[in-house]
Amino acid sequence: MREEIIVSGRMNPFIDPHLNIWHWQIPTYLFLGGLAAGILFFAALFYLQGKEEKYRTAVRVAPLIVPILLVLGLFALLLDLKHKLYFWQLYTTIRLESPMSWGAWTLMVVTPLSFIWAAIHLRDVFPKWDWKYQWLKDLEAFFIRYKRPMAWVIVIFSVILGVYTGILLSAFNARPLWNTSILGPLFLVSGFSTGAAAIILFSKNPEERKTFAKIDLLLIAVELFLIIHLFMGFLASTQVQIDAANLFLGGPYTAPFWILVVTMGLAVPALLEVLELLKYRIPVYIPAILVIFGGLMLRFIIVYAGQVSRWMY
Amino acid sequence: MAIDTLKCVGCGDCVVACQTENEVPIGFCRDWVVEVTDGTYPQLEIEIRSERCNHCENSPCVRCCPTGASHYAEGGIVLVTQNKCIGCGACIASCPYDARYSHPKGYVDKCTFCIHRVKKGLDPACVAVCPTRCMYFGDLDDPKSPVSMVLKNRKYKTLIPEAGTKPHLYFLI
Amino acid sequence: MGSRRDFIKISAVGVGGLAVGLPMARSLAYQAVEADSFPYAEMMRTPTYCEVCFWKCAGWIHKNDKGELWKITGNDHDLHSNGRFCPRGTGGVGMYHDEDRLKRPLMRKTVNGKQVFEEVAWDEALDFIARRMKEIASVHGPECTALFTHGSGGKYFGTLLRAFGSPHIAAPSYAQCRGPREVAFQNTFGEGVGSPERTDIRDTRCLVLIGSHLGENMHNGQIQEMSDAIDKGATIITVDPRYSTAASKSKYWLPIKPATDLALLLAWINVIIEEELYDRDYVERYTYGFEQLKNHVATMTPQWAYGITTIKPEVIRETARAMGHASPAVIVHPGRHVTWYGDDTQRLRAVAILNALLGSWGRRGGFYRPETVTVPEPTTPEYPTPSRSWRTEFPDLYRLSDTVLANGVCDATIPDPSRGCNFKTWIVNGTNLIETLPNQENTIKAIESLELMVVIDTMPMEITGYADVILPECTYLERFDEIRVSLHREPQIALRMPAFKPKYDSKPGYWMARELSKRLGLEAYFPYEKQEDLLDWQLKELGSSLEEMMRIGVKTFKRPYDDLYFAPDEEVEFWTNTGKIELYATAFEMEGFDPLPVYTPHEEPPAGYYRLNYGRAPMHTFSRTANNPNLTDLMDENSVWINPKVAWEWGLVNDQYIHLRNQDGKRSEFPIRVRITERIRWDSVYMVHGFGHDRKQLTRSYGRGASDTNLITKVLVDPLMGGTGMRGNFVTFITELEEDKS
């Protein structure tokens, strides 16, 4: 028998008995960021493909909520900081080795762009909107002229936004559950999938909904594949990774993960969407909400379970 | 720093001395003592280790800090600049040794190898107080320093070398 | 004052509004005067010697830029600590900062039919004590006043007591701790082991620890020297049923069956004599009784011991040979807390005999000859001769003890028709008798028969709940005390001076003793009003001065007499009946006890019960430090160590909380956490002493862990000197926490 104990009474808040430095604020931000990334990506992508009229909601309507999502996300992040008054230090330097630094700067680019994109499409939802001041009207016209370059920037940065959250977690090799390069793509695909689901929710155009349902179905399939790959990777890796995987294979997080994320968040919506494509009548919002819920749960569980996984003691 | 596990009795003096010297708040600690017992009665073995931040050469905490508050100072000592720290907790999550903690004042804190004492030519508080004199501190690049001398003559190990952090805390076994 | 004495559990401050108001105002006045007159506030570091345990390491108290307490470090020239304090010493800052400290004098009063403690002014408290002492003495005689002490204040209260006319000063460290070994060594070598022990560990080639868990008991200097010995490749042999920290550093660990140590010692003596591993020259020159010893142990072979101790005969022989080959640089460590089974004096005699055979007494690597400094005392009148003492009243009891026994005083307080007198007054300073004396019920019964009980302490420990008057003592960081003299390789003195003025309304022991002496008409025994002046005079007599000592902290003198060790052909006279080292104890024979140790088997635990073993943790001292914030950070509760096989039988899991119940049905007051570990034998359990406090005022330690003293109801008294053996208790486990209290 091996007995390994700390005999000097260490009980540092947030560290012991196991790491719990990040609470609801972080998964909330990760979810909101992923959702925003998804919506923006599809908005810019379909605009660049010239399908602006065909997929009105995707390009013009859904992005209206993105600024709100991003502001809420940033607020959650601020709440998480323990030295809040110094948050501006983030913007005094770019540290290429720190994914958190990329994230800070990416948000610095994406948030204003999302505000601008939403602003120039305000009249789609509020037809009587009037900017009142001439300089604002000039600004709007200016941005509309540069919509194409903006869209390109948005495409690139929304991908970065979607993937960096996963890369950020996977860079922590101290938490074996996170330390896998699959986490980046997994979060990216999950973010895009929730974005597609949101677009389905807002859309009133059946053809748009059908397209996005197909996109979503594809993304869910990819996500399921990545999850299986994730576990295969863990179980074929070192002991600490095996222990991390066991958190979900009989450990305390087994039920929440497989029921809330995989079943309710991925398998069931996929099934419902297949049924829908086979012309069964399914209320369209059910799979969409389930997908969004699944995305939120995925991030919560990964963030909390990751802090339990460890190398020592 | 090198610590002789054959002499350490696990008294915790290093923990209290660090706490008073560095004014660490009660309820927090920068270093701690681990006791590992192997075997079945009466074939038993114990290893006692006084652990702290390893001041790694390839430290994940410096790498992941978004503001540069976590940095390498002179001699390879890893320090935190308190007024650059935003308290995001990334460094805490990135340390495989769980050596950092969130100070009540908001910034992240950890062992500093008592750099304020080292600058005056003194040993860190834990090394200076240890009653069994099992702790050695010094410049690894200087072959005559106490640390170099003792590493030359004894077998030693580091913690989780496979994590790739290249720690500078050696346990003599 | 009635004889019924309720243990006052509720909050200490009394309910009488006016009564509280007035004393507060007066004490504030006291403080206002003193605030301006603390002359040492500017000193950034002040010398002191630690008060946490009895080792009295000398060191420095450091202040930060704001003049607040920063840290405590050791004095590099101090022989006890060599500049390094142990965790309790370093954590002494917690003693100063602890807000649960006693703050103002408290007196027991009855308010609305209920007994409470009320804060009173010093004058009222001291007047009351003096008046009652005189009253009780006029009826029963001053000899019925007893002092229990385990702190530096004991010196002054001792002077007071002697001046008052009583010889009864008891330290629990005798009969509850090291008494048997002092008597055993005195009757072998003519002197006791002393405190700190005169073991030359740093130069030893073989250290035998039988009943010592060095490394968990934090005897600072000895642990430092053990580390040196390990560096030099010394062989360490540890005999312990538990795999202690010392055992983990030993070449040989003998996992002995509990209560059989004496058999092992006798077998070792047998082997050493049989194989002629003893120091022949030394034995011939200095010892008496070798032939009797040889005949006595002839039948006590390793095979015989194997059956009793479960230690294999080859191991017994191998370890005896290791000791013999290291002779004379070998130490069979006498341990410290040796009051185990009631035959402890005899067991320590075997240890002494073994040391004598190996020639370690007075030799390098064995036991050195310590030197001390005699500090001159100011001229005072002669102490009155007491008309009687415990010795005169109980001439046949514990004839080999030469000190007052704490448990003796306790027993003699309970009224008994066969006895002509009982103790009526107790003054208790710096010792928590409830946790120190075994058989708590007995102690409480004694206390209830007292007419006056005064407790002087820094913390509201359990003993304060029974007092009539509680006097708050300031911590060692806030007072002067007597000059520390070391019994060490070189004579050395150390100064303690205050770094801060006393917090709240607490006072130093010297002041309290002196104020009492004034009220008792005994101030002639305290000629100096200010302690500084007394110390300055004493230091000047020794060739130093207060000013010098404030700068340097310790001062070492040259050894005035003999060398540290016996010279090769030195004629040494030992203070025994024969003038030689008595392997055969003539004094024991005269008193009708065995002159050579004989093994007697002791009671074993019944089925389902396990022997209760207890010990120390290096970050705590007795029950004294359980509330210290810095030290509770390291360890805030104890656990009961249970062998995995036993745990499996009982279905226990790690970190579960259970109650313990002993063989007399006594249940532990608080539950204790289970630690399942291979380090403990399957027939015993182990816990660290000093937890399980039941005083709510001790906010950090109330209800944390369990108290082993709680469960020590069977006391095995040593007939030779009255030591209270405490390891004859067995416990079983109670897993349901909601059971009715038995």
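A few remarks follow.
Think of it as A, B and C in the order they're written, each chain with its own count starting at 1.
Keep in mind that, in the parts below, a residue touches a chain if its C-beta (ideal position, glycine included) is under 8 Å from a C-beta of that chain, and two chains touch if they have at least 3 such contacts.
As the structure is a computational prediction, the values presented were derived from the model and not from experiment.
Central chain (C-alpha centroid nearest the global protein C-alpha centroid): B. The busiest chain interface, judged by C-beta pairs in contact, is A-B. Centroids of subunit A and subunit C (each the mean of its C-alpha atoms) stand 64 Å apart.
One inter-chain figure worth recording: subunit B and subunit C are separated by 35 Å, centre to centre, where each centre is the mean of the chain's CA atoms.
Among all residues of subunit A, those that touch two or more other chains are 1, 3, 7-9.
Multi-chain contact residues, meaning those touching two or more other chains, occur in subunit B at positions 10, 12, 15, 27, 29, 37, 39-40, 48. In subunit C, 619, 633-635, 677-678 are the positions where the chain touches two or more neighbouring chains simultaneously.
Put simply, subunit A touches subunit C in their complex at residues 1, 3, 7-9. Residues of subunit B that touch subunit A in their complex: 10, 12, 15, 27-29, 32-40, 48, 60, 63-69, 83-90, 92-98, 100-102, 105-108, 159-160, 162-164. By the touch criterion stated above, subunit B contacts subunit C in their complex at residues 6-7, 9-13, 15-17, 19-21, 23, 26-27, 29, 37, 39-42, 44-46, 48, 125, 128-134.
By the touch criterion given at the top, residues 619, 632-636, 644, 677-678 of subunit C touch subunit A in their complex. Residues of subunit A touching subunit B in their complex: 1-16, 19, 21-22, 80-87, 89-90, 92-93, 95, 97-101, 103-104, 168, 171-175, 238, 307, 310-313.
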